[in-house]
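Take a look at these structures.
Two complexes are shown next, each including chain A; its partner changes from chain B in the first to chain C in the second.
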Partner chain A sequence: MARTFVVIDDHEAVLSGTVAVLQKEYPDAQIITASGAKEAEEQIAGANPDAVVMDLSIPHTPKDSAQTETGLQLLRMLMEIYPTLNIVVQSAHVRSLVRIKPLMDLHEGGLTIADKGLPLKEMLKKVDWALQGLMYTPREMRVGLAIKPEWLKVLMLAFQDGLQDKAIAEKMNISERTVRHYWTKVQDALDVYPESGKNIRIQTEIRAREEGLID
Partner chain B sequence: MLLNLLLSQSSPLLSNARRALQWWQQKQIDQLHDNAELIRDQILQDLFAIRRVLELAHDNQRPLPTDSLHQLETLHYDLETISNQLSPTLSHGDVSLAIQQTLQQWHRQHPQIALNHQISPNSGMPGFEACIAIMILQEWLSLVAPYLGESASIEVILATQTNQTLLTLRIDEPEQTQRDVIAHLPELTYLCQAFRLFTGISVIQTSQFERLQWQLAWPTEDT
Partner chain C sequence: MDRSYVRNLPGCVGIGLVVVARLVGLLQPLELDALDVGLRWRSPEPTDDRIVIVGINETDLQSVDTYPIPDEVLAQLLQQLQTYNPQVIGLDIVRDVPVEPGHAQLVEAFTTIPNIIGGESIFLDRIDAVIAPPPSLPPEQIGFVDSILDDDGHQRRAILGGTNQEGEYRFSMAIQLASAYLSAQGIELSNGIKNPVSMRFGDAELPVVSSNLGGYVRADAGGNQTLINFRSGQRPFRQVSLLDMVKGDVDPEWFRDRIVLIGITATSKRDYERSAAIASSNPGLVFGVELHAHTVSQIVSAALDGRSLLRTWSDGWEYLWIIAWGLVGMGIGQWVQRPIRHFLWVGSIMLSLMAASYGFLAAGWWIPIVPALTALLINGVLLYSFYLYDQTLQSRIRDRQLVIEQTFTTIHNGPLQTLAGMRRELDEPSFSKSKLEQSLGQLNQELRGIYDAIQQDAIQDNRLHLQGQAALDLTTPLHELLHEVYFDTLQRNFPGFTSLKAHIVTFEPFEENGLTAELKRELCRFLEEALCNVGKHASGARRLTIDCQHNGNHNLIRVIDNGSDLNVRGEDNIEHSVQKSRSLTPQLLKNAGRGTQQAEQLANKLRGNFNRSAHSPQGTCCELSWQPQKSILTQLKHHIIAVFGKVNHLFQPRRR
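Right, the complex of A and B next:
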């Protein structure tokens, strides 16, 4: 299935580097570029992309100077208008995201953070995780283990009562999609991510027990 | 002498001097932040582009030499570290995270020293004071580190209470000689005085058994 990506970055060399990487990994993909927030808004509204790969330090229009606040504002807006959009933040300013971490916790689409220092393979992994609807935030963005009560409830219903997602959804009076959303958030908080040959739910249970979240 | 006299009074003179110092300090912080952003917005971007070109030019049959990749990674990491050191992390608005990052960064440079920390999230410390607190913490760590014995340990606690945020810096040092040296370091006295001059807040220094402790308390900012 051909995918559509929107890539946002105001540095031409960075933009072409990212496009080349994505084109190599997803040869059939349609890749649309934008160099500022305003252009990005228009492209995303028209393209309905599978994922957006965006920098944070961007200008609003080509006439403006690049600012982290502009990228943060665009990200806030995207999460509000497109709550299930898959987003990869590829930036040298990832620490700035701390300001909107509570909003990121509410986003239901994939949301991964790729520092610009990451090797190509790692960056592609973050794109793949976002397309899978997962959440990934670097550890440096977090203070301690921040687990919301609803995420803890999912852990307890799954690992103490042995319930599956459908039963958890019924018990918590929420949709199965929301249960899956909670799983990605709690897995990110516990630093549990997909690994070849490993069952992510079992990894989550092991980590949750290590942290004393469940008995 | 004059400094002690100034600090002991809450005169308009002191108040004016404090405002001027805060203004000056803020200017310095802004300038450092601009330099840090220059590294992030230009040098790191160029480095990213170079790296991707190299990575794409090589495939599985002709992989990029590991040494070259490692050098690029080191260069990126070093530049990022310089940028982090230049830029007050507090510009990102989270003092708890800033303290955690400062400690982690310091510990990477001094892995031999036992360091524990308990950082309460979402402290309500006002921006400027928090910026000064980070600078004080960095300076305190660099001042005490050379005098710590092998069995010594450091503990940093940031606790948020109803009306105040407490930053506690502790050293547990079983060696009496080392403890005495640290307790009487003139630079630490200067540091406490500078902090008081900047913020109007006193640093409470205590010692009990093998423990030396410095405590800074801020009234919590209304949110």
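Right, the complex of A and C next:
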């Protein structure tokens, strides 16, 4: 299945670099580019992409100067209009994303943060995770282990009562999809990410017990 | 001093001044002018064809060529008129002495024509003279033609009856004419019912002028006077000249069964008065004969058509009305808002007041418009500037108080917390010089940072400065701001944070209606303070629960830890350490408990609740909850739904 990506960056060199790497990884993919927030909005509305890879420091239109605030605004808007969109945020200054962490916790699509300082391989990994619907936030965005009450409930029902997602959903009176969405959030909080050969649920349980979230 | 006293006193003085000004008569000229303007602006009434004026004008005088008009001319005129069968003829030309030629003819006319009313003057004029009636007319065919003028020389009142120099009660010509006309219709002159002193024709009771009536102050109310409700319009009465009569240029039908008034309408002969209440081609000048016609007309129209007479309120109601408008002025003056809006309000209220008084006048009520406008203007405009000044002063004091509080909060949440931590470390065995140096360095940095933070807080009113963060825009949603505060505070170096394993956090949107930037700043400081307390006092806390959200109908900020108390919880801790070491200043001792005080103040401002309590099985719960203000839109929606529900209910078919 051919994928569609929208890549947003105001630096020509960075943009072409990102596009090249993505194209190599996903040869069939259609890659659309945008250099500003306004253009990006239009592209995303038209293309209905599988994932958006966006730089945080972007201008509104090519005439404006690039600002983190503009990127934050675009991100807010995207999360609001497309709650299931997969998003990869590239940034050199991830601290500024702390403010919208509460919003990010509500986003149901994949959402990963790629530090711009890291190699492109890392970026590809974040794109892959986003496509899987996962959440990834770097350590700089966290202060200790922050868990929402409903995520904790999922952990307890799964690991203390041994329930499956379907039963958890019924017990919490939410959709199974939401339960899965909670899993990705709590996994991110516990620093559990997909690793080949490891069962992610069991990893999560181990970490949760380590942190004393469940007895 | 009590604020409401300061605010209301000037307004009451303003009203008092207007009342006093009116009582001593300062406002009388303005009120009379306003009455004239109001009467003049009424829509025109149709010509009253019950009255015809035969006016002897300048041209007539030239053709007669002698003055006074000879008796012969008057006699011929009376005889000619009589052939047209008028109801009654009023001769507004005094004839106490013969003016030859033709005196015998005039005497004959007077004796043969039964429906003539002759004129006399019974009140003393400037040279203390009165004018006797024509000797050949019987007393019941005589009416006096005296008029009474206001201080400004204008005539607004008519004398209907009075006592002459011999002490006999006499009626005016207007009353004689109206009485003659109306008695033919079966309506006789009698005494008033509401006021027995007044005169009455059928249902029309003629209001009597008292000396303080309406806008008058100590007016000469001698005799029985009434206000003239002038007939509006350019042509209130049909008017013909002597020449028209002589040439036969008239239609006999005009006179049949009518009231005919004969008088001089030539300016050279000075039989005119001033009135500004009539829209005429020669403003301000009305001939005596026309004034009589207005008086007769208003009496006859009132009796037969129910046309309104000019009435006034009693003094009590008038002053109540004036005071009420003064209070309205005070109300809008105190309800301080932007000047342009304020003046638009005052302007439109004044216009409506003028429109209302015009409406009243059209319906026959002369109400005190000038004093009401003056009271409104004084309180609404002059006192507004006073209120504005007072308001500015108040807000300046409030701002200063705010800066003081902000300063202290910054000190309290920053260096004081570090200091408290240092004091605790002193007791610990692991205490070392390098640790002290590190802490002192931090303290130094925090103290130096205070000035900048305060200055920025005070200048840029919508930004919040946290310790490790660039300024935050306070227009950001509250839950995001609080998340930043949480993030920032938890990074600070407090002993209570080290044992924490997990934070159970909820940051979800609040109902922010009614939250100013200032309140949001204080809410952020509240969370900061609550988290600092956990950091300082909670020992071995493993779990921190932070709830920041709108749940159902309350906004809630709650911080719960499950640590044990290190020593006495809350701000008291500072006092404890103070007592232990006795090295802190008394000022610091006084300020202990400040955090709780501030939280309670904030809860008050939000009309919510602040609570710090023990949490089971161990730990502390600190929470602030408040009900959000409902927006006007939401309120409106609720009303509409409620009304719609009722309406819907009404239209539903009834089931048995």
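Miscellaneous remarks
Going forward, the second predicted complex is superposed on the first by the 215 of 215 C-alpha atoms of A that agree within 3 Å, B and C clash if a C-alpha of one lies under 4 Å from a C-alpha of the other, contacts with A are read in each partner's own complex, and residues count from 1 in each chain.
Here is the rule we use: contacts are C-beta pairs under 8 Å (C-beta built on N, C-alpha and C of every residue); 3 or more make two chains touch, one makes a residue touch a chain.
Since we're looking at a predicted model, the values are computed, not measured.
Clashing of chain B with chain C is the outcome of superposition onto chain A.
Touch criterion met: A:Leu152 reaches chain C, while chain B stays clear of it. Judged by the touch definition given at the top, the superposed model places A:Ala13 against chain B, while chain C stays out of reach. Applying the stated contact rule after C-alpha superposition, one finds that A:Lys198 touches neither chain B nor chain C.
Look at A:Val98: by the touch rule set out above, it reaches both chain B and chain C. When the shared chain is aligned, chain B comes close enough to touch A:Lys24, but chain C does not.
When the two complexes are overlaid on their common chain A, residue A:Arg177 makes contact with neither chain B nor chain C. Contact with chain B, but none with chain C, is seen for A:Ala66 once the two complexes are overlaid on the shared chain. Counted by residues of chain A touched, the larger count belongs to B, out of chain B and chain C.
In the superposed pair of complexes, A:Arg209 makes contact with neither chain B nor chain C. Of the two partner chains, chain B and chain C are each touched by A:Gly144.
In the three-chain superposition, chain C clashes with chain B only at 151-159, the remaining stretches of 7-15, 61-69 or 151-159 being clear.
The residues of chain A shared by its contacts with chain B and with chain C are 98-99, 143-144, 146. Chain A contributes residues 11, 13-14, 16-18, 20-21, 24, 57, 66, 92-93, 95-96, 98-99, 116-117, 119-120, 140-144, 146 to its touches with chain B in the complex. Contact residues of chain C toward chain A in the complex are 472, 476, 479-480, 483-484, 486-487, 490-491, 497, 500-508, 542-543. On chain A, the positions that touch chain C within their shared complex are 98-103, 105, 143-149, 152, 211-213. Remark: chain B residues 37, 40-41, 44-46, 48-49, 51-53, 55-56, 69, 73, 76-77, 80, 89, 92-94, 96-97, 100-101, 104, 119, 121 touch chain A in the complex.
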